[in-house]
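All chains are identified by letter, namely A, B, C, D, E and F, in their written order; residue positions are counted from 1 within each chain.
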Amino acid sequence: MFDAAIQTFTSPVVLFFVLGLAAAFARSDLTIPEPIAKALSLYLMAAIGIKGGVAVAKSGIDATVLSALGAGIIAGFTLPFFAYAVLKSFGKLDRVNSGAVAAHYGSISVVTFVTAVEIFEGQGNAPGGYMVAVMAAMEAPAILSGLLLARGMGSKGGTQSSGEMLHEVFTNSSIVLLLGAFVIGMIGGPEGFDPVSPFFEAGFKGVLCLFLLDMGLIAARRIMDARAVTWRLTLIAIFLPIVNGAAGTALGIAIGLDTGSAAALGVLCASASYIAVPAAMRLALPEADPGIYLTMSLSITFPFNVLINIGLISALAVMLAG
Amino acid sequence: MIETVTRKRIEILADTALQKRVTSAIDKVGITGWTILPVSSGKGREGPWREESVVGTDKVFVLTIAAEDKAMELAEALAPMLTDFGFILSMWDVQVIRGERF
Amino acid sequence: MIETVTRKRIEILADTALQKRVTSAIDKVGITGWTILPVSSGKGREGPWREESVVGTDKVFVLTIAAEDKAMELAEALAPMLTDFGFILSMWDVQVIRGERF
Amino acid sequence: MIETVTRKRIEILADTALQKRVTSAIDKVGITGWTILPVSSGKGREGPWREESVVGTDKVFVLTIAAEDKAMELAEALAPMLTDFGFILSMWDVQVIRGERF
Amino acid sequence: MFDAAIQTFTSPVVLFFVLGLAAAFARSDLTIPEPIAKALSLYLMAAIGIKGGVAVAKSGIDATVLSALGAGIIAGFTLPFFAYAVLKSFGKLDRVNSGAVAAHYGSISVVTFVTAVEIFEGQGNAPGGYMVAVMAAMEAPAILSGLLLARGMGSKGGTQSSGEMLHEVFTNSSIVLLLGAFVIGMIGGPEGFDPVSPFFEAGFKGVLCLFLLDMGLIAARRIMDARAVTWRLTLIAIFLPIVNGAAGTALGIAIGLDTGSAAALGVLCASASYIAVPAAMRLALPEADPGIYLTMSLSITFPFNVLINIGLISALAVMLAG
Amino acid sequence: MFDAAIQTFTSPVVLFFVLGLAAAFARSDLTIPEPIAKALSLYLMAAIGIKGGVAVAKSGIDATVLSALGAGIIAGFTLPFFAYAVLKSFGKLDRVNSGAVAAHYGSISVVTFVTAVEIFEGQGNAPGGYMVAVMAAMEAPAILSGLLLARGMGSKGGTQSSGEMLHEVFTNSSIVLLLGAFVIGMIGGPEGFDPVSPFFEAGFKGVLCLFLLDMGLIAARRIMDARAVTWRLTLIAIFLPIVNGAAGTALGIAIGLDTGSAAALGVLCASASYIAVPAAMRLALPEADPGIYLTMSLSITFPFNVLINIGLISALAVMLAG
């Protein structure tokens, strides 16, 4: 476990994240220009998708893949209920904000996942390529559970119809690119991927470094401006990833995934969305306070996962698998 | 000398994610057009924000020029959003050339 | 108290490719300066457009502050372009500090 | 009909590197907020400039809406910078909805 | 020919274009940030130019190169006359719009060319590096023919002097970068190119994928907004690339080019400009309607060429050469 | 020396700079989009920093490194005094402008340094990795000397406190990224660097090409608009890099640096800042005219160094070391 921590903290990817945090806390004017940050995130989506698709084209879709998908979707639907209960009782949030935050914790963070994959690969436990598909499948379900909780069962649909909402979620640029590239990877297969691999594979880790630098800047700047987040919510933003991460990892081992894939499922459960879900909540639950859910997921849970929890989950997976 | 007519110029600061609601309202009122300008950061009662499209905190300026009656109709239509989402709207009189376009 | 004077503020929405024609007109009229703002999208009678410099459909906002007489002279000079290219011009009175600059 | 109140809208063109001085002045005067717009190029008495953040020649538009008294206080506070750094300030009356916010 | 179609549709480059089309039709909010799209296009110009220059530095300039150049320039001058006749009679456009559209079809589309080169290379028929020079030489002539047609011979010069116009065309950023990089490639030669080849060569296909993704988005969004284009013009936008492509390929074979280069000449003739020529027309023929020429060249001819016509031309070249 | 000139002028990096100059002088509309230019510069900083850090991790910090650091810092403090004297007497500038310009010439230009390193490496004289640390150490001292000169010793501190100024300089985005990446390189070492090296190493020269293209455009456009720069100042902007470059190279040889490192120290002394120092001067000496210091450092000294002086310094270093 100590080794894992060392490995985490000598990985350039994590070090760039720390540099971002440090620069923002030192009030440096360092910023990644906005269109570049957006482009880095599009690149990462395309690269993850295409790699996952190529991997599935190689391995095919078998019972393991299907059970991992099933486990992910079920986790996405159910995790928000647990989060909601904690947020409402211990966190003292109202119903709407509890539901909105719960949706974030049921959904996933792509960058946390990718960082974890890098670290697991470095430890010789590369997760299966199909985990990308699991990740994509986990984006949406939590949004539905969160809305259900926020609005109470059977209440009227807020300012926006569900159809509109679902269209919004499934045509969200990240999801479209991730899934589109996944399909391209599956169609093209390893030979199709070959000519573009210098771009999508060789550059990947470097781009991830710069993207995490930016995420570090954003996370730290947000926490310095934050007002809405109490100590209770701060605790929850650390407690939920620990519990969800452990549960997800155990579930992964239970359904027979290999060590790396089980740990990856744990990371997906542990991570909180800060891309797709905030956008959906802004549209569907405008009464909810973005200051709460963005600060919790982006400025507390995300750094906690990257710096500490990925290491814990990896250690747990090795233990359970051993 | 060239002829000018007076119109209302309305500017709305809105979340990029919600920009379509504003432009739909403009279209619905029957105003002929609108123009979107980028915005990079700001501060209000809810603290500072920066343009960060990765986490969806970016905003835009929607600008439209219209005759007074349509302008007031638009302001009326947008009023609830100003409260719900914290949009900002300001308007004033401008002179335009070729006023039949607006 | 600080002294302010009244000047005209003129804003022209023009194609990026043609921006130089607008600024040349401003220079020719003898106005001291201008400032260009980016624009990201819009809709008019000819349908919607987006900023796409690759195919050259991007536009800019040209803003200039000038005394009333020069402003009217500029409007006069630009009028043909408004018709030919579909530019949009609006102007209004503003107060400025250090009015001798404009 | 919806109620509007009159406020001053103030726009300051400032160097990006010095933008914080302007926003601090706004905060100090007690105005509730401000919004920053990007600017891409311009020309003044000191010749043309382009947005080139690599060499630090980029500028921004700072926009704020405030009651008249605070607006004048702000103009007063900013006047020295206008001279020192060549900033440009213009202001005019606008109607706003939910005037208690400004 | 069936094989060629399969190869086209499993190439990641083409698949990303299709993804762009699909995302836009599904009304996804996916967009490549504007400065990134511009940068991708600058990168492509520089990379194409430098590769072409290095190739010519290796092979030298011989009679084949010169005859290819000559053929390209003559095609650029004459193709607009044919297009003009079709547009005016069958297309029912007025003189000004016919001339403006004709200029587009006489000129070339860099991205169509590059996509074709990728596909031809995959089929073992790489065109000669000098075809880049042919492409550059074909940008301008069609503009002159188009203007001549639009204004009638000997008429007054519109709002802009010809000198200004020519300056505009030859200092257009794409042309400057393409030709500049070509010259750099020729001066530096293979050894000079070596240190920058990981950037300009290895990344090329991946960048092309993202750029075509963007072109797919742009093309599909434009067609959804289009109003000005009738069914007659739609037909012409498919008819012209077929005829011009076949003619260009035949010309290439006739003057003794190898299969790949002849096919590349065909693609150049078949493609319609949507970068340099629209800009020139906006300046020189403001009365012409950009809604017509952009929609035809960008939203109909471009996808038709990428998805279908490149395959047809390749098959034709193989047949004629055989 | 003639060979060195040839090598300079067949290097793609330099050729792209020349292309930028030529395009701007021909009034082409070629421009690198602003966020891209910023991103290229951030990339270069990160790449230089990480490479330097990895090099120092390999070689360790010894007496040579420390004496090079000391020499650099001393040069940074003292060079402005010489420059000030020349600017005030021969250049006929007032005190404030002389001090501001002097600060630029005492400080360094990262891009000049990087271009020189590329060229020296091509000549088999790669400077030590620790020269990156020397470069970083030379950014700030000249600012202090320049301010001292501009304000007169002991005068009141202008509109800004020194504390603010120093914070500004040390949290400047370029410096933070350069030093942060340097530390990351030192922590990660060669193994940590390995996974990100395709991004930061393989792409480096290509990115540098595009960045120099942009610098060429900026430098040439500025000189075409320039009004404030007299022939006296033009001469000084060529004289100072020659003298400072020779002095720095001699100093480097004198303290026992290898040929490449001594030449690199010469280039650092010869180069004039146009990133960190202009920003600091704008804040600390608003009375100084940016038209003077930017035009001198960016439009005269920078091209002179890249096109000619790097070659001269390299020849001198070889001569002194031989």
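The rule is short, and it goes like this: contacts are C-beta pairs under 8 Å (C-beta built on N, C-alpha and C of every residue); 3 or more make two chains touch, one makes a residue touch a chain.
These numbers were taken from a predicted model, which means no experiment stands behind them.
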item	value
Reference subunit D; chain at largest CA-centroid distance	E
Label of the chain whose CA centroid is most distant from the centroid of subunit F	B
More contacts between chains, D-F or E-F	E-F
Whole-Å gap separating subunit A and subunit D, where each centre is the average of the chain's CA atoms	39
Where subunit B and subunit F are represented by their mean Cα positions, the distance between them in whole Å	46
Residues of subunit D engaged with two or more neighbouring chains	37-38, 40, 92
Residues of subunit E touching at least two other chains	33-36, 38, 198, 202-203
Chain pairs that touch, as defined at the top of this document	A-B, A-E, A-F, B-C, B-D, C-D, C-E, D-F, E-F
Touching residues (chain side subunit D, partner subunit C) in the complex	13, 37-45, 59, 61, 72, 75-76, 78-79, 82-83, 88-92
Residues of subunit F that touch subunit D when the two form their complex	34, 37-38, 41, 159, 214-215, 218, 221, 225-227, 274-275, 278-279, 282-283, 286-287, 290-291, 294, 298
Subunit E residues within the subunit F interface of the complex	33-36, 38-39, 42-43, 46, 50, 167, 171-173, 176-177, 180-181, 183-184, 187-189, 192-193, 195-196, 198-200, 202-203
Contact footprint of subunit F on subunit A as seen in their complex	9-13, 15-16, 19, 22-23, 26-36, 118, 198, 202-207, 209-210, 213
Subunit B residues within the subunit C interface of the complex	1-2, 4, 7, 9, 23, 27, 32-38, 60, 65, 92-98, 101
